[in-house]
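Beneath this line is the structure, given in structure tokens, with notes to follow.
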Amino acid sequence: MLKLTSVQAGYGRLPVLKGISLHVRQGEVVCLIGGNGAGKTTTLKAIAGLLPIRKGQVEFAGRDLTRLPPEQIVRRGLALVPEGRRVFATLSVTANLELGAFHRQDKKEVRQDLEEMLARFPLLKERAHQPAGTLSGGEQQMLAIARALMARPRLLMLDEPSMGLAPRIVAQVYDILKELQIVGVTLLLIEQNARAALKLADRGYVMETGRIILDGAAADLREDPEVQRAYLGKGYQEVWE
Amino acid sequence: MFLQQLLNGLTTGSAYALIALGYTMIYGILGLINFAQGEIYMCGAFVAVLLLASGQVSFYLAFAAGMAAAALLGLALERIAFRPLRGTHPLVPLISAIGASIFLQSLALLLFGPNDRAFPMQFTFQTISLAGLPVSTLQGAILGAALLFMALLVAFVRYTRYGKAIVACALDRDTARLMGINVDRMVALTFLIGSALSGAAGVMMAIYYNATYPRMGLLPGLKAFSAAILGGVGNIPGAILGGLVLGIAESLGAAYISSGYKDAVAFVILILVLLLRPQGILAGWQRH
Amino acid sequence: MAAYFLHLAILAGIYIILTISLNLIIGYAGQVSLGHAAFYGIGAYTSALVSVYWHFPFPLALTAAVLTTAVCGLALGLPTLRLREDYLAIVTLGFGVIVDMVALNLEITGGPDGIVGIPAPIILGLSFRSQPRYLGLVVLCVLSVLGLTYRLVQSYHGRALRAIRDHEVTAQVMGINTPAYKIAVFTLAAALAGLAGVLYAHYISFINPESFGLHTSILALCMVVLGGMGSLAGSIVGALILSVLPELLRRFHAYQDLLYGALLVGLLIWRPEGIMGRGNMSLKFLQKE
Amino acid sequence: MLLQVVSLRKYFGGVKALDDISFAVQSGEILGLIGPNGAGKTTCFNVINGLLPPTSGSIYLEGLPIDGLTPYHRARRGLARTFQNIQLFSGMTVLENVLTGNHLSEPAGVLLAILPLPKIKRAEAQARQQAMEWLSLVGLQGRAEHPADSLAYGEQRRLEIARALAQKPKLLLLDEPAAGLNPRETEDLMILLAKLRQLGLTLLVIEHDMCLVMGLCQRIIVLDQGQVIASGPPADIQRHPRVIEAYLGREDLEVE
């Protein structure tokens, strides 16, 4: 469904992605894990069109997305829940959700989806008219996910949904992702929190310094000592000795 | 006397508020001071005056045409003078805006000459007595129209899809794009609306002072900018309040201090606000 | 005819000083002053007042005027230089309007009629009434200002200023006292604009607020941008072109402002570095290799 | 003890970016500062060198408090740093960038600097010579006259270090010096940093490249959600359960 072929991207002069190839099949939950600065967020930004792709190709549902701007990409059914949630702080919860469906023309169904979303997230319903900035971190994360779902995406990408949240809240967020998985939403998930992500996912990719160094079934990656090494490094010989 | 000055101040202040809304919205979304806002105001006034003078159109049509012309001018400015400069040092678009302002002013001077033009008004206004206070129906009409425009704008921003999208772009451009919002289009829409409001203010002030001339936008433009700062840039209710407060302060200052320094009042307030409370009088209140 | 060219040369020289002073603020401190003509005016008025009413000899009047402008620059700069650059631009513009109004309304400045009968300079018994001599005086001033600013920007102070312009936070982290530098530059620029004002007042011999309004501020800005922000050589070229060109194109006088406006926008879009190039801080083309 | 940080807190609204951090940097060591994204590492640097005021807590340099000092005063006291996203003076040449670092050692006085005195000329010549030495230390001597923004990414990183070295700091804070470098450049960087330590410099390094951190640092401090969760030699850190948890997530987290 989604296919990246040797994608390279970066910021200014800084090269970050040095040729990423991966794919996500319909109905799958795929996670992308790796340490700080491995290029996970950059990968999602490149797919979503927020960062120009220097080389390589992004294909989605058989169509080339490589040079499309983000506002076009979301129309093709690819939504991103950005890192740090990024809710529109001064707008109400409802307004945030409505903006998630900005590009949709089917007004009636948008109304319905909005009701449905508030029903699915009772916490949000209670605060429907509050500015989103007054919500707690966990509630904002729920709102960000709900907002992305308002676009009726065929594939949902999530950038570190557990970042900065207490473990109890992380569990709640993952419950929601689990529900989405059950109803058949395709997910591409980025996590530093590898254990939680690998528990949910069907397959996983491990990134290190702009490359994919490992991939396989999530169950296998959970047991792989290489994964831990990718995060914490091996002992190196001290160079001055 | 005092109440009369207050009313005069409210009238000019409502014009400042309308222009200040343009400044504040454009600043909110682009972080740019559109120095040429005063010339957009002038353009609205000229188009309405010229159309009415031709005798072919009704007052309301001329008013609408003035607003439309101002809106188009705003759009053109955005495309020509600002869009190519996005992402540069903030001084660069500021200087470009100054260039655009001089250009438009001198263009108007070439096309229409330096002299004042009277406003060919089709109605007559009276002065009625309201609780012992002489009130001109013209002032009432201007105030009423200005408040109507402000209310429309606030409703637009708060309740419509595009209004919310503009706020979203001002808050977080990248995330707005992820929602499928075309930021360029929202910027253009912001220029369109802000400029139309300035155009409306131009027509109203052309009627009020019965004078339309190429440099008419200079001082109101600068004062409206002060009003926007006074209200806290990017803050829509703030811009309205700032405009009204400034108009009143100016009117009272002229009456009780010295009419020679009338135009300096706005700048003294501006400098004081920037030094003492740069976030504006409404800071801490909810934006938008 | 010769008199006319001398006249042009003198005005151009005065504009060169004004432009260099504004370029110090824009090109070296990364700030914009839209009220620079106010400093020019304060210099001119101070010198004119003390010469006409108190009969100060020229050197003393000049010193008083330059010091007064410097103090005004310091007074405006101290509280405002911490503002964002676009706010500062508007504050300086407001300052310009206020100064203009004060000059128009005070009795001592003669209101809109201004001050007449400003004497020609006499230095050490030598009168500078004749145009060639006045040109000599202006050239001397231009050379001193150039020498001073050139040495300044070539010194480590110049490096510190450019560092501030490029990355203020980084400059601070590297031990550069950024507020002090910005205020010093602003004050120096005000003083130099004051000097230009003195030269103007004593040359023309009568002044009124018209010469020191927003229009002049913007003209100076055009000269800086045309020549190149941050380029001393550019300031000379920009001031020369924009003070001579309008005279040559007298027939198109009505189009002058139109041209300036279009020039500003066009330059920023197509050649933001100006004629002489940004970053070319020096007068390298005048130096022998 | 060169630098001592005592119960440092930095809150942004309700977010506790730094929540009661205390640690010390010993003279002559290379100390690593690691942690997941958003742990507060760069905030910590910004507070140490005065770009951000702390909510509470104190910082001592060589036993003297530096709280309340501006960044340039702290630089004067011997702090230098590099930035995560390189911040060179792009309008200058490579050499001029390094000379700017020499600012603190320049003779005082505005007038003095402007006059073409022999003393000033000598000082300038000496500064240039020294700057060239710093450039050759980082391997950029051949690029002295190039515009700074014409350098390749890895060279820019090294130039930023050379510029900080020209400040002759006592403590150098490096914010992700290896970001964006290829493996060979990273190795060169390790050698350079080891050399700096031999020259007597003390380094505090934020870095994501674990090979570099584990190979270079004598001690490592791990931040997570604004708190110090571990500190010690690299081998201990790699085995520390809370560190593994911070990076990989909790074992007991129930997803079902």
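Chains here go by letter, A, B, C and D, matching the order in which they are written, and residues are numbered from 1 within each.
Methods note: contacts are C-beta pairs under 8 Å (C-beta built on N, C-alpha and C of every residue); 3 or more make two chains touch, one makes a residue touch a chain.
These numbers were taken from a predicted model, which means no experiment stands behind them.
Shared contact partners of chain A and chain D are absent. The minimum number of touch steps separating chain B from chain D is 2.
Farthest from chain D, judged by the mean position of CA atoms in each chain, is B. Ranking C-D and B-C by contacting C-beta pairs places B-C first. Here the CA centre of chain C is 41 Å from the CA centre of chain D. Centroids of chain B and chain C (each the mean of its C-alpha atoms) stand 32 Å apart. If each chain is reduced to the centroid of its CA atoms, chain A and chain B end up 43 Å from each other.
Averaging Cα coordinates per chain places chain A and chain C 55 Å apart. Viewed as a contact network, the protein chains form a single closed ring in which every chain touches exactly two others.
Every pair of chains meeting the contact definition is listed here: A-B, A-D, B-C, C-D.
Residues 36-38, 85, 152-153, 156, 176, 179-180, 190-191, 194, 197-198, 208-216, 225, 234-235, 237-238, 243-244, 247-251, 253-256 of chain D touch chain A in their complex.
Of all the residues in chain C, the ones that touch chain D in their complex are 148, 151-152, 155-157, 159-160, 162-163, 165-167, 169-178, 184, 230, 278-279, 281.
Taken in their complex, chain C has these residues touching chain B: 26, 30-32, 34, 79-80, 83-87, 89-91, 93-95, 97-98, 101-102, 104-105, 214, 218, 221, 225, 254-258, 260-265, 268-269, 272. Within the complex formed with chain B, the residues of chain A that make contact are 48-50, 69-71, 74-75, 79-80, 82, 86, 88-91, 95, 98-100, 102-103, 131, 147-148, 151. By the touch rule above, chain A contacts chain D in their complex via residues 10-11, 13-16, 35-38, 84, 160, 162-164, 167, 170-171, 174-175, 178, 191-197, 199-200, 209, 227-228, 231-240.
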